[in-house]
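The structures considered in this document are given below.
Heads up, the next two complexes both have chain A, just with different partners, chain B and then chain C.
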Partner chain A sequence: MVKEVERAGIPVVHVCTVTPISLTVGANRIVPAVGIPYPLGDPNLDVEGDKKLRRQLVEKALKALQTEVEEQTVFED
Partner chain B sequence: MRLELGKIKITDVQFGESTKVENGTLFVNKQELIDMALQDERLKSVAIELARPGESIRITPVKDVIEPRVKVEGSGVMFPGMIGNKVKTVGSGRTHALVGATVITCGKIVGFQEGVIDMSGPIAKYCPFSETYNVCVVVTPQEGLGTHAYEAAAREAGLKIATAVGEAGRNVEPDEVVVYDTKPLLEQVNEYPGLPKIGYIHMLQSQGLLHDTYYYGVDAKQIVPTFMYPTEIMDGAITSGNCVAPCDKVTTFHHLNNPVIEDLYKRHGKDLNFIGVILTNENVFLADKERSSDMVGKFVEYLGLDGVLITEEGYGNPDTDLMMNCKKATDAGANVVLITDEFPGRDGKSQSLADAKTEADALVSCGNGNIILNFPPMDKVIGMLDYIESQIGGYEGSLKPDGSIEGELQLVIASTIANGYNKLTARTY
Partner chain C sequence: MSKLKVVHYINNFFAGIGGEEKADIVPEIREGVVGPGMALNKALGDEAEVVATAICGDSYFGENLEEAQATLIEMIKQYEPDLFVAGPAFNAGRYGVACGIIAKAVEAELNIPVITGMYIENPGADMFKKDLHIIATNNSAADMRNAIPKVAKLGLKLAKGEEVGPPEEEGYHVRGIRVNYFHERRGTERAIDMLLKKINGEEFVTEYPMPVFDRVEPQPAIKDMSKVKVAIVTSGGIVPQGNPDRIESSSATKYGIYDISGMDSLTSDKFMTIHGGYDRAFVTENPNLVVPLDVMREMEKEGVIGELCNYFVTTTGTGTAVGNAKAFGEAFSKKLVADGVEAVILTST
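Here is the complex of A and B:
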């Protein structure tokens, strides 16, 4: 899906846990997620902490979307 | 460690007044086994049913398959750490196995991925347990019991019953005794100095959420990679608590009868020196995958291995663990061969494995789990067909009114098992 959307001219950020698969498949902007069972949050945190984590992830993804890349890039911290 | 494995060939199974083996027939006392399982208050009811090769029987949903064995000499008991508090090291002395018999746990589904065993018809050829004499333990949980508690109760019932059935082989003269011998590392290396030192990297399913494996009772997601004598596995050091895709589920039976270990021993001292087993896991966090595969690579280097075979359990994200282990073992100086199965989609056009590395240049395929098959109806169902359409490989419309099934091969237990205990492969022409 990442590749097909990009082929249509729309840049994509792939937020995923297992970034090596994303690299193998060919995503260009990759943001590491939390874990396979809960990629976009962490049920071990309290509600406040979980919300903060979710916001950080979304903001990081939006920032990645606005970043020019020359090659496949994993946006670590 | 030196283990004598006495193989008692079982050629029939019957109910009887006591659980015993006579002239190749396994007799089981039904009520005794039921009472034993029902000591666990988490279970509401337990039934014991028998399934023999050639009978018109479908068993589903199948949770685990276990070969009955008993420790006759040497330290420890079967399935250490899993039953009671007995966790002594196993793998030496003498063990008797009822070869050709199994204990199968089935009944109301635990997860959503348990599979099917047909005892006859066209699907039977895909499953090793269509050819065995099976004691089926059909479990029903108490109402309201949580899924994880039910999984544990079903797992323990299977191990307890397999242990009790295995006990019937204690005083029976085996038809064949096979000796497996691995020496302490330096001695083993020096025993065959001219032969390549080969290891086996055994990846245990440890994704959690009912995808678990246990090593001496320790949940494999909590281990860091370790090293073991291959004979330990034959005494049940590794047990399955796993409800992953049935076609490549490594049941407890497959741990006891690991074909990679079996074949490496056959060539041990002839054209290779089998050094031992590196045990690792398949966790759901990237940091765990990095850490575990780093440690696998470190073991390969530390042990000075010239070559390794790697097997995985499951598919999808474990393919990344497989590729990381492949790369790091290669970087550590070993030649690497991977053993796995493939999921290229129903049209065969997708990537067969979720991940790939250039180092993965030697791979043995155990077949394609996505091909669609027709399962004719059977006269009898042990367990229930209620979940077929939600089991992996099933889909809406899979179950027909006459009890036949249209579904993917991956519905069938162990049909593409990624260690080679099956009959399928794929070749490049």
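Here is the complex of A and C:
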């Protein structure tokens, strides 16, 4: 799906936990997520901490969208 | 025991009737062998015999699909064959497609095993390799003497209901069918063997070849996020409570588009997850863990992003066929483009 979005002309960032799969399939901008059952956040934190973490991840995803890439790139910290 | 009866299908060219100028000949059937049927009959040996040869022009077949099939099946039926052989067609495109269509039709209508042969680039090979046993041939009829024995050997097996080996053994195009069997050596031993070979730089053959994925050029970076409409897409299986579109919890055949206008957060009373591939406990409590509506709405209000699209797109990623996922992506991306979406965050569990 990521590739079809990109092929349609829309820049896309894949936020996912298992980044090797994303690389194999062919996403170009990849942001590693927190965990499989909670990609964007951490329910072990309190409500605020969880939301803050989610915000940081979304900011990172937006930053990836604003970064030129020539090839598949995983945006680590 | 009497010999198994085989009906063979060939085109105008192989029947010796003529080339392109005779490609419009109507279906006919002759007793016994014609053209390559002679070699086929020989390769079948004592166990089977080509009792009749059905012939049709490639253009006629292509232009009169229904009629050609119906006529040929009636003709073939009279001989009560135990096996139907079409071609081989090598790299002849129309002939290959005709062989595929008629073989599939005979299998379905007469309920007998069928076999054909084609070169890998013959369009008929791609169209029918999932449905039929298609012996892999070279790209020209010069390969006839290699192809015919393989066709005969596998054809006999099929006709006798014997077990068919894997493609590399029998010589047919990979059909994408996985067969369970007991290996004399268990998986751990085979894996360690493979690993040692890999470490030693020796050749090894994987037991699980990965599909080949195509690549897409990255889109240019977004210059000013505060002017852009962003949409959220997910493979994490978030749907409205009750799953109104009945999206499957694995191996999805559909996706959903759900309204989030006016909402500041994806609340658990309105949304749920149906994804069958992860522990749903956390996301059931807080769907924002997969579709981060709460923070994205804040960012929209703060002007970090121009606008949040008023719906999200969702399906279940687990076990979903690549072909389906691709089709979903193609379909909803058109809508995204039409709705002025200029950036997508796609989340996966």
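By definition in this document, the second predicted complex is superposed on the first by the 77 of 77 C-alpha atoms of A that agree within 3 Å, B and C clash if a C-alpha of one lies under 4 Å from a C-alpha of the other, contacts with A are read in each partner's own complex, and residues count from 1 in each chain.
To be clear about the criterion, a contact is a pair of C-beta atoms (placed from the backbone, for glycine too) under 8 Å apart; a residue touches a chain by one contact, two chains touch by 3 or more.
Predicted model, so just to flag it, every value in this text is computed and none were measured.
Q: Regarding the shared-chain residue A:36, is it in contact with chain B (first), chain C (second), both, or neither?
A: In the superposition, A:36 touches chain B and chain C alike.
Q: With both complexes superposed on chain A, which partner does A:17 reach: first (chain B), second (chain C), both or neither?
A: both
Q: A:51 contacts which: chain B (first), chain C (second), both, neither?
A: Touch status of A:51: second partner only.
Q: Does chain C touch more residues of chain A than chain B does, or is it the other way round?
A: Counting residues of chain A touched by each partner, the higher count goes to C.
Q: Return the residues of chain A at which the contacts from chain B and from chain C coincide.
A: 17-18, 24-25, 36-37
Q: Which residues of chain A touch chain B in the complex?
A: Chain A residues touching chain B: 17-21, 24-25, 32, 35-37.
Q: Flag every residue of chain B that touches chain A in the complex, lowest number first.
A: Contacts found on chain B: 207-209, 284-286, 289, 317, 319-320, 323-324, 351, 354-356.
Q: Show which residues of chain A lie in contact with chain C when the two form their complex.
A: 1-18, 22, 24-29, 33, 36-41, 43, 50-51, 54-55, 57-59, 61-62, 65-71
Q: So in the complex, the part of chain C that touches chain A is made up of which residues?
A: 210, 213-223, 225, 230, 233, 235-236, 278-283, 285-286, 288-290, 292, 294-296, 298-299, 304-305, 315, 325-326, 328-330, 332-334, 336-337, 341-349
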